[in-house]
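Several structures are given next for inspection.
Presented sequentially are two complexes of subunit A, the first with subunit B as partner and the second with subunit C.
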Partner chain A sequence: MRRVRRLVPLQRLRELSLVLILIIVIVIFGNQIDNYYTPRTFNRISSTVALITLVAVGQTLVLLTRNVDLSVGSMVGFTAYYLGRHLSKTEDMSPMVLAAMAMGIGGAMGLINGLLVAYGRIPAIVVTLGTMAIYRGALVRYSDSKSVATRELPPWIKDLPQETLYKFGEYELRALPGIALGAVIIFFFILLYSSFGRRLYAIGSSPEAAHLAGIHAPRMVTLAFTLCGALSGLGGMVYLARFGTITVEAGRGLELQVVAAAVVGGVSITGGSGTVLGAMLGAILIGTLEQSLIRMQINEFWKDAVMGLCIIVAVSVDRILINQLTPWWSRTELQRMPEEPHAEV
Partner chain B sequence: MQRSKLWARLKSWEALLFIILCVVIFVNLRLSSHYLDLNNLANIFHLSIEKSLMVLIMAFVIINGEIDLSVASIMALGATVLAERYEAGWSIAAGLALALLVGLGCGLLNGLFVAYMGIPSLIVTLAGQIGYRGAARIILEDRSVGDFPKWFTSLGQDGFIGPFPITSFLFLALFILGLVVLQYSVFGRYVYAIGNNRAAAEYAGINAKQVKVTLFMLSGLIAALAGACYAARLGNVRANAAEGFELDVITIVLLGGVSIFGGTGTMLGVGLSLLVVLNLRNGMSLSNVDGNTQTSVVGSLLILSVLIPNWMQRLQRLLSHLFAKNPKLFNRGGAAEPKSPVSVHQ
Partner chain C sequence: MTADPLLEIRNVSKQFGATKALDSVSLTLYPGEVHALLGENGAGKSTLIKIMTGIHQPDSGEILLQGHPISLHNSAQAQKHGIAAIYQEPLVFPDLNIAENIFISHQRRNPLVRWGKLYRDAEKVLAQLGVALDVRALARGLPLAAQQTVEIAKAISMDVRVLIMDEPTASLSIHEVKQLFALVRNLRKAGVAILFISHRMDEVFEIADRVTVFRDGQFVSMAPVAEVTPERAIRDMVGREIGDIFVKEPSPRGDVILSVKALSREPRFRNINFELHAGEVLGLAGLVGAGRTDVALALFGIAPAHHGHIEYLGKEVHIHSPKQATQMGMVYVPEDRRQHGLVLPMSLMANISLPSVKNYRNQFGMVQHHKEAATAEHYRQQLSIRTSSLSMPAGKLSGGNQQKVVLSKWLNTKPRLLILDEPTRGIDVGAKQEVHRLINDLAQQGLAILMISSDLPEVLAMSDRVLVMREGQQMGIFERHEATQETIMAAAIGQSVEKPVERAAEYA
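On to the complex of A and B.
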């Protein structure tokens, strides 16, 4: 047992328990719904989850620094509309250039958020509440309240959701979930091993200590917001590929789902703890619940109530378990370390 | 002494808001000849009476250092319960009582999770926002219920004194009550103390948990009441009523000089900021600006309202550093500006 405790950090345990809950949920729905264990279900859920996961990764970076970004929904909507309008005008455009453009636009909006928070010293919730309205207003202005229709788009972006990257048996990893998975893997390692990632954790855990350790917090916070914007921009491209029709309402309310996914995945809203892997698992859990409840057909109107309940239960259980487990789990760490004599000052 | 007090008053947040309000009213007067019509003035309050009601209690909640994102959903739930019960044959009064009770219950649930489980209110009320809206959906599905008795809708629509409906006077009464309770009662002082420093307040013997639960319950109650006003004003109710209202409400409170970290802000400031936002929106509506652009103008105002004092403070610090021989020159008048947001990454 002690070896297990030593090998598995508490954060991993949190993620493992999420996987366990996910399996239980899937088994329950599998018993209730006919033909649940099919590639079709998998594809449907995975393409819903892709968008939320992608944006939740960005949100995690921001949450780690004790800030929050409520403008992600508007950034996704604006980028999706801009790209759609652009594609309907220009004939040939390579996917890579489009993705770069998406991240550029999103990143610019995120940079504005970051500068206002870090250098303007305005609380993040105030800034992003404001920019949420401003970016949405910009979208309405830019679009002149017109929509982008699917038929205006070139065929390749419409086919993007059906593109298969990898096949295991009948289950396919499609392009959109592939993008999201790529982002999760990249940022998982960045947060775990790069100095940038560790600094984000340091700032969120203790701003004073981070300052004393010589970390230039404003720069890191700005970078986190910019990356969050860039990922939201990429999310806008995913949104465009998935839905095709973009109205001025695109992505409204997404920020709540994204924050909920991150929080269910164990990312602390008070900063300093959480991983993108957890955020992804949270997004998968929420996406699975949502899609499965729609398929249950008992009553689609129950969906929101059940979602709200799930979020509060997940967070409460997490809080209780972690509070109970932390002292016991970290006991080995204390025992292992011999007590060092204090250095004379 | 007298002079420095006056100076502090002039530099205060409320004074700035008052100046902004004057500018907004002046511009409105220039833009539209209908602005001063009594009917238009009544409309300014009448059309957003629900938001105005919820602003009052949101000010308490934010000063207490918490936030309530679920007000709009509780409001929809309250309106839904009232409409559904009326449809099922209850009287309006009984339906209203049940709606208020439901609002109180939702608030209690929020408060218990925040105060006793120690989960941040942002998360609890985010879940509440989704969940209570879901409850409203379960009750009404996608139907729209109306056909309220004439006397009920006339309460929300027709003039009581002049063109002002009775709900406007309800707001006025609650505003005065809120002002007195927040500024001059023991409970109000507790709210500030907990928002300023919860640990210190608890050591001083204040039961912070109880205060927080009370506030969330009141928030739910007022939200349900706002839902009843909504039903009376529009004459029919859908489960998606008031979506997104919470952001407007929070924006107005923050613009009123209330710090998102709690502990500072006055009811007077919140009232002035409400007037600014309502008049601004009214003026833009009169000159045919669409709703989304209106919201983004209010959003910009929100950001600027925190950014400019922050810069002024920095400028002051810079100047007083330059003129270090007489540092007091730029440092008089006490706490004139709102507490600068303690940025977490300094």
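On to the complex of A and C.
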């Protein structure tokens, strides 16, 4: 038991419990829906999940610092439209350049959020509620309320969702989930092993203590928002590839799904705890619920209600599990050393 | 002293609104000295420290490091100059594990975290302090003494030239204090300048080389320790003579209020047996981690016991929540005032009336502020709470004054049974006497009082009987005439003491 405790941090356990919930959900849907276990279902769900995951990774960075970014949906929409418009005019453009552009645009918008929050000392919820409307407004103005249509786009971007990276049996990992998975892996390591990542946790965990420890919080917070913007920009590219048609409504409401994904995945709204792995699992759960409920052809209203209910259940189960297990997992009393300090290890 | 000064503070002043926290004070630290800073609660000690570490900026005056003026805008800069501090209120990161908490300030230097090494190093630093902690565990919910140990580990893990310790020992018991002092002596030998703040006089005179006293934000005196006596230091601090330590007057032992039989909550404590009478103060002594607070938490229903019986006013009770305990007339004054004791942004006045607020309502259910103010004023005078106004947010009071507010708040609920956990933590000598006098008065009025304290002189002076615990076990109950420094320490560290153990068996 002690070994297990040492090797498996509580966070991993929490992710495991989420995997369990996910399996239960999938089994239930499998029973309710004919032909559920097919590659087609898998692809549908995975491309929805890809978008949510990508943005949820960014959101996680911001949530960790005890802030929130509500403008992600608008940033996704704006970037998607801008890229689409740009592609409809220029024929040759490499995917890499397009991705860089997406991250640049998103990053710039995120930087504005970050500067206002960190240096302007305005609460994040106020700033990003404002920029949510402003970025959306900018999109309406820039697009003149016109849409980008699929036929205007070059073929490569339209084919991107079908691109296969890896095949396992009938199922395949396609490009869009691949991008999201890449982001998850990169940020998983950044958060676990870089001092930047650890300081994000520190800031959110106790801003007061961070101040006393000499951590320069504003810089970290700005960076977190910028990265969140950049990932939302990339999300915009994914959005464009997936849907092709971009209206001024693109990405509206995404912020709620993304925040829900992160929170279901165990990222704390009050900062300081959570991982991108959890956020990804949360995104998978949300994506699965959404796509499966659509398949069941439940009416829109009930779909949202069921989804909300599932989120509450998932979070409560997680809370209860964690509360029950925490006392077993951590033994944090002070132990006096035996007389010979190095006798026992 | 022949060496050149390491750090000089010259004519530093600092004002917070109407409070002049520091008024042109100066202080010089030499390498290889332990310099004690004394002063009443609110004298400006912590403020000076926060200026030395760049948390606050002085209104005027300068800081010189090896003769060169430096300006400090944040604590990262101070750390770069080799100035580190252990703050009065431990502030850990609850979501980071203990190893990370210890090394948080090292991260600037290495951009990548090597977890294995981090854990090993953390264990090593803690071993220097003579303790072991699960360094992989999150710091959330860490007991106060462990938090303070983490803070100490954090500071000594840095490469420091000036180490400032603001009441590092306030929640530690003798064992930990001894380890800490051994460490301090090593640092002193290595040429580190140490500024040491404590309200425990015996510690100051054990470790310090020189003693500086502040009063009301002003410099009063500075002298080598050989030229100071505790009496003189106290006179400088409070501006008047203070007699010997207050000793509780004997009070008639009334009915049994609380009777505890074979109380256990593994692994924290087991088989605890005692009776507490009206008018009696039962001291609960032991080293940090002996499980004393856990017993209190069990009695108060925060972490109920798994086995055993509690009889309260002659009836067997099962207490499962603090609310239930409060309704029965019990009160628990916790040790961690920031987490459990105070609503920091709320005014001092509102904090005091919070648990008994229903007594302050008029017929329309509105809180009557003049009544609240009258109560607060009463306690301000009785416990000499130093504040510029009663509507000051509790978080802005000095540490000792916050403690006085916590005490006032609970005493004002007029309980039958009072459980005090480190009641005078961080309270200065003058006010400590007042608190002791108050506890005495309450006992005379027939309250039953259970007092946990790591301050041995306090336990000896105030208790009618002393229950000693060690690693969750009851080692014995000592009558007042049997309780001495030696017998209690012997029991606390586990040397066999014949008689009291027998007595414990009798109760069982």
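Of note:
One rule holds for everything that comes next: the second predicted complex is superposed on the first by the 326 of 345 C-alpha atoms of A that agree within 3 Å, B and C clash if a C-alpha of one lies under 4 Å from a C-alpha of the other, contacts with A are read in each partner's own complex, and residues count from 1 in each chain.
One rule holds in what follows: a residue touches a chain if its C-beta (ideal position, glycine included) is under 8 Å from a C-beta of that chain, and two chains touch if they have at least 3 such contacts.
Note that the structure is a prediction, hence the values are computed from the model and not measured.
In the superposed model, A:Val140 lies in contact with subunit B only, and not with subunit C. Of the two partner chains, subunit B is the only one that A:Ser316 touches; subunit C does not reach it.
In the superposed pair of complexes, A:His211 makes contact with subunit B and with subunit C alike. In the superposition on chain A, A:Thr275 makes contact with neither subunit B nor subunit C. Greater residue coverage of subunit A by touch, when subunit B is weighed against subunit C, goes to B.
In the superposed model, A:Leu116 makes contact with subunit B only, not with subunit C. Of the two partner chains, subunit C is the only one touched by A:Arg199; subunit B is not.
In the superposition on chain A, A:Thr288 makes contact with neither subunit B nor subunit C.
In the superposition on chain A, the residues of subunit A contacting both subunit B and subunit C are 210-211, 271. Residues 53-55, 74-79, 87, 91-96, 98, 100, 104-105, 107-108, 110-113, 115, 127, 130-134, 136-139, 141-143, 145-146, 149, 175, 268, 287-289 of subunit C are the ones that touch subunit A when the two sit in their complex. Across the complex, subunit B meets subunit A through its residues 67, 113, 117-120, 122-124, 126-135, 137-138, 141-142, 239, 247, 250-251, 254, 260-261, 290, 292-293, 295-300, 302-303, 306-307, 310-311, 340-341, 343-346. Interface of subunit A with subunit B (complex): residues 65-68, 116, 118, 120-123, 125-127, 129-141, 145, 203, 207, 210-211, 217-218, 220-221, 248, 256, 259-260, 263, 269-271, 299, 301-309, 311-312, 315-316, 319.
In the complex of the two chains, the subunit A residues touching subunit C come out as 6, 9-10, 192-196, 198-199, 201-202, 204-206, 208-216, 268, 271-273, 329-337, 341-342.
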